[in-house]
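This is the structure I want to talk about, given as structure tokens.
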Amino acid sequence: MVRVAIVGATGYAGAELVRILSGHPEAEITVLTSRQFAGVRFAEVYPAFAGQVDLACEAYSAERVCDRCDVVFLALPHQLPMSFVPDILAREKKVIDLSADFRFNDAAIYESTYQAHTAKELLAEAVYGLSEVYTDQIKNATLIGNPGCYPTSVLLPLVPLLQKGLLDPASLVADSKSGVSGAGRSLALASHYCEVNESFKPYKVAVHRHNPEMDAILSREAQKAVSITFVPHLVPMTRGMLTTIYATPGVDLADKDVSDCYTAAYSQRPFVRLCANGRLPDTLHVRGTNYCDIGFKFDQRNNRLILVAAIDNLVKGAAGQAVQNMNIMIGCDETAGLLNVPYPL
Amino acid sequence: MVRVAIVGATGYAGAELVRILSGHPEAEITVLTSRQFAGVRFAEVYPAFAGQVDLACEAYSAERVCDRCDVVFLALPHQLPMSFVPDILAREKKVIDLSADFRFNDAAIYESTYQAHTAKELLAEAVYGLSEVYTDQIKNATLIGNPGCYPTSVLLPLVPLLQKGLLDPASLVADSKSGVSGAGRSLALASHYCEVNESFKPYKVAVHRHNPEMDAILSREAQKAVSITFVPHLVPMTRGMLTTIYATPGVDLADKDVSDCYTAAYSQRPFVRLCANGRLPDTLHVRGTNYCDIGFKFDQRNNRLILVAAIDNLVKGAAGQAVQNMNIMIGCDETAGLLNVPYPL
Amino acid sequence: MVRVAIVGATGYAGAELVRILSGHPEAEITVLTSRQFAGVRFAEVYPAFAGQVDLACEAYSAERVCDRCDVVFLALPHQLPMSFVPDILAREKKVIDLSADFRFNDAAIYESTYQAHTAKELLAEAVYGLSEVYTDQIKNATLIGNPGCYPTSVLLPLVPLLQKGLLDPASLVADSKSGVSGAGRSLALASHYCEVNESFKPYKVAVHRHNPEMDAILSREAQKAVSITFVPHLVPMTRGMLTTIYATPGVDLADKDVSDCYTAAYSQRPFVRLCANGRLPDTLHVRGTNYCDIGFKFDQRNNRLILVAAIDNLVKGAAGQAVQNMNIMIGCDETAGLLNVPYPL
Amino acid sequence: MVRVAIVGATGYAGAELVRILSGHPEAEITVLTSRQFAGVRFAEVYPAFAGQVDLACEAYSAERVCDRCDVVFLALPHQLPMSFVPDILAREKKVIDLSADFRFNDAAIYESTYQAHTAKELLAEAVYGLSEVYTDQIKNATLIGNPGCYPTSVLLPLVPLLQKGLLDPASLVADSKSGVSGAGRSLALASHYCEVNESFKPYKVAVHRHNPEMDAILSREAQKAVSITFVPHLVPMTRGMLTTIYATPGVDLADKDVSDCYTAAYSQRPFVRLCANGRLPDTLHVRGTNYCDIGFKFDQRNNRLILVAAIDNLVKGAAGQAVQNMNIMIGCDETAGLLNVPYPL
């Protein structure tokens, strides 16, 4: 059994880590930390866990955390992880960081998007945890920068096509829609029930922080500069993210070419499901799971390819992919703890 | 007082006509028809109206309807109106048809999208009821083809820019999101509560029937062939529609050019609101109203213009615009019956 | 035209007052105050009102407010109104207070439920603004303590039956369910979207502050001590409140007796609708309106009467009833500004 | 491994059985039947299951079903099971029926509530599958009448108190609230999205078919005739049921007496959780789980005890309890397949 610590356990991503890791056959949660709820039993903060999780939250201390675990999950706002990680790595623990702090190899991009980086020396060894794309690097990593939810939903459908040079990189538009849990548990008018319910709206149009993250990985995989237009929207539902991507083929392209490309990339991967029979993804079908469902259609009249990907923003978009990365790192089955049967509704 | 009949009063668009016209200072509802509920009081079908609407539904008969009204609103599935309208016009009543039957001047487009048209001879005189664009024609019309909800949300932001030649017509993508009421009151698994709630999904990708309707009007106003990529999605909420449009400028274009173009087109029109201060539309802000809120942003990095429009699909997208058209036709204030103060939430 | 000020205009009840009074034919809003948004245009705080409400919020000052209005609506947390009201009354303005500060004639009950009362001398003249029950007193009032939302939904169905002595006062149970807007716009985990959505729960069971308010009025109208068991619950929806009341008849009682009692009490009153044909209330049917829908059924097997009342918590439960009270006070039609046609959905 | 058949697999309760049994360590699903979807792969009917459930639906035939399984779950509308069960039992298979057909020992009560019973001879041996109360009988049963969702939420909190004679049986009122999935997948206006969303309402007040079921078990356990007043309501959410019960103590009763009674009844049972620290149940905390959370408060002023129970109507209220019963019948751990960690939201 690998012993795991969840730092920042009482935010939504942290609680989702608790859920998944509690049922993980190869992992044991040994430490939960929470600044706000230090000293409080986790099941009092989230009564859903009563009878299943019998740990109290504690304040973070590198020493106390690292003494009792092998892997540290950080579910904290960006800027905190970069101050914690050097110490944890020095204690020879593996780190999976769900913030943006270790997602960029290029500190300049991070700094122009977030703020000054205080642990730049680690960026070279940090591995971007897009499980299906960087599996080999993840196997040997000690520090994972776990992808953002929006980038996960954009990159999984785009990367295989860009790797093969099938799309015109100048044509890319990603129109994303996210459930409200993506905004986290911190109080904000934007997450206040009556402001969100019966409301649909875009936000941070073309200026969202996940945009540079997408561009960096798209460019790396396309082996040329790629800049995608990205617009996120907020959907009145708790969980789920769906991204619709518009792209112009860069070569002559038929349905079968796209199918074949996806099959080559993903048919051996347990968590990417290609929608069959012209079906398209629906967030309800991936709710609570680590799946990324991908479908596509051609708009023949306009020679435009339309890709659709759906994930649960808290699972494949955060905690689930983090656990998938841990599984790859520790060498157990990639699906361990992640194959709960989905809800039909 | 103009006497109005609502044919198909118990569907959602019909009931919304009842709501708006009940409070209209210049109109009096004299006839409500419903095949399913003939003989039943309207307020039994929709108890919300108890104490306010004291009419019973009746079966449709051209004679009985036309004897008692000046204007006929048809809120029926397509194919029925084309069989009713010749008779109504022969009785010298004005018709506002909310179906697709009289939206196309070109019968061939209608027939390739829907089915054979049995009243083609009327298509030349039918006016497309996009109130802000075809005001002058509407004034003198006797037959209005009221626009679809999706086309309304796509055309109002695009037409002024295309009229001025500011956009590359080959670049247009419209990603639309609609509340569930757009699917109407007919029972269907796709509108079954548990299948929609906590779900977000695309449907009829690049094959929706509203796509040719958009293309026809965009082409007419751009004075060249325009074909837009259109993808509708379903949002778990009752009312509201938001469309995000991606377009590449056809000329050098700055924020101010777009603002000026919209101001020229709409500043004198009561129901199009341009979002100020970089704010973007939210369906909640137009809920229950006839407003179309329009905002925009440039994605400078990719030289792409992003337009966002929000409407209430049942009001500006159906019944409200129909009443606005009636107002224009009968020469009363364009806003009569349509200026109820919006709900803050 | 009566000039009105809304103090605390940017909370949900305040914004609802703005909505209703903006469309009121006999009233003109002259002042909006907001501590948090002083200096900001109201339509920036609530963009729904763009183009319709052209006032900026200002800080509260008795002098500046009273100089420009005839009636002051206070939509503030309790405890603030009692410090403002003496000064406003001294300036000979009428006051309608939506907080609890002037709902009790007996200061002791107020003080045991809330906190020390600093304007006790006004309690004797304050009128409890349950419009249908205290119409005559409201006509001549200068200070209205506007009822709470829960009490409104409990008292309207119970008062006529208790006045006639038809129920056993020891048998009363009120099980209430409220939409989330009742909790207001202040940020709180209990109103955070993901904590409320897909959740149903009771809160403040048998200890809610509205319980003593109900008891006081029930006792007054029954002319004996009445103490009701009251349990509120939170429903995942924005607007609406439904109360189910269980009562044992105190006398032999048939359906017709209950109907007759309600008819006698309410048939001349525009905002109480008795559900006909065995139909029972649904919050959707009163959404956005000032109606209180009342229905009932006997559980014959257990000799228990079940009463059901539905209101919109923000309208009949707050701002709408406040305006109804103003209408009664200023002698205009009781329904002025309040008869917008309801939404069918 | 026990081989199980799910008859009626494509309704909501059937699909929930598929979900739970797919992940069950001791069971293997060998047959899925569906009249409507015979010949269709289950994962096409419910795409959420793609990659996890690889069976096609087939038409029902006693022979073909029984040849391949040991236990038959029937998730069908009432009246069908009574025609299937004799044949299945004759083939020596165990049956767990989720309909009402085998919930009553007294055919007269069934017949006055539903319709004529065609397999009355089996009622004596059928065991009411309220797992925590009839564990011993379930162990040896071959035919289980699985409880209704409402009765489960009413009986679990009431039975221990009635068994001990702590409550006045004439005082009982159950006010229940259910998510929409309880109405099943069959199309109906009452489950049409726009009719349910933003709506809260009671239905079948004091005449619901689950009322006699409750009375029968309450009477059996109280050892005297008990008749409870029961009012169900519909909540705009997919899953979850919460029941608030009002009861007058029949003896002198303190908090500790109630706690002790529940502790004695349930502390060794894995799926009933008593809410600690004055917390009360919330449907969100049991979503997707087999838990029944129970809490209580006294209304001291009125000497009334308020009990609150929350379940997931599709799990503990249907499929989960059915699997729990199977576990008890086949002698494996009662929690097998049912201890997935709950979602925090």
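When the chains are written out, they are named A, B, C and D in that same order, and each has its own residue count from 1.
Following the convention adopted for this analysis, contacts are C-beta pairs under 8 Å (C-beta built on N, C-alpha and C of every residue); 3 or more make two chains touch, one makes a residue touch a chain.
On a predicted model such as this, the values are computed, not experimentally measured, just so you know.
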Task: Shared interface numbering between subunit C and subunit B [over half = same, under half = different] - done: same
Open item on the list: With contacts counted as defined, which of the two, B-D or A-B, has more C-beta pairs across the interface?
Closed with: A-B
Task: CA centroid of subunit A to CA centroid of subunit B, Å - done: 39
Task: Interchain centroid distance [CA atoms averaged], subunit B/subunit C, Å - done: 37
Open item on the list: With centres defined as the mean C-alpha position, give me the subunit B-subunit D separation in Å.
Closed with: 46
Task: Where subunit C touches two or more other chains at once, by residue number - done: 12, 181, 194, 197-198, 236-239, 282, 284, 287, 345
Open item on the list: List the residues on subunit A that touch subunit C in their complex, please.
Closed with: 12, 180-181, 185, 187-189, 191-194, 196-198, 236-238
Task: In the complex with subunit A, residue positions of subunit D that touch it - done: 12, 15-16, 18-20, 22-23, 44, 46-53, 181, 198, 238-239, 270, 273, 275-277, 279, 282, 284-289, 291, 293, 339-345
Task: subunit D - residues contacting subunit C, complex - done: 170, 173, 175, 177, 179, 194-195, 197-203, 205-206, 227-229, 231, 233, 235-240, 242, 244, 246, 280-284, 287, 297-302, 304, 306, 308, 310, 345
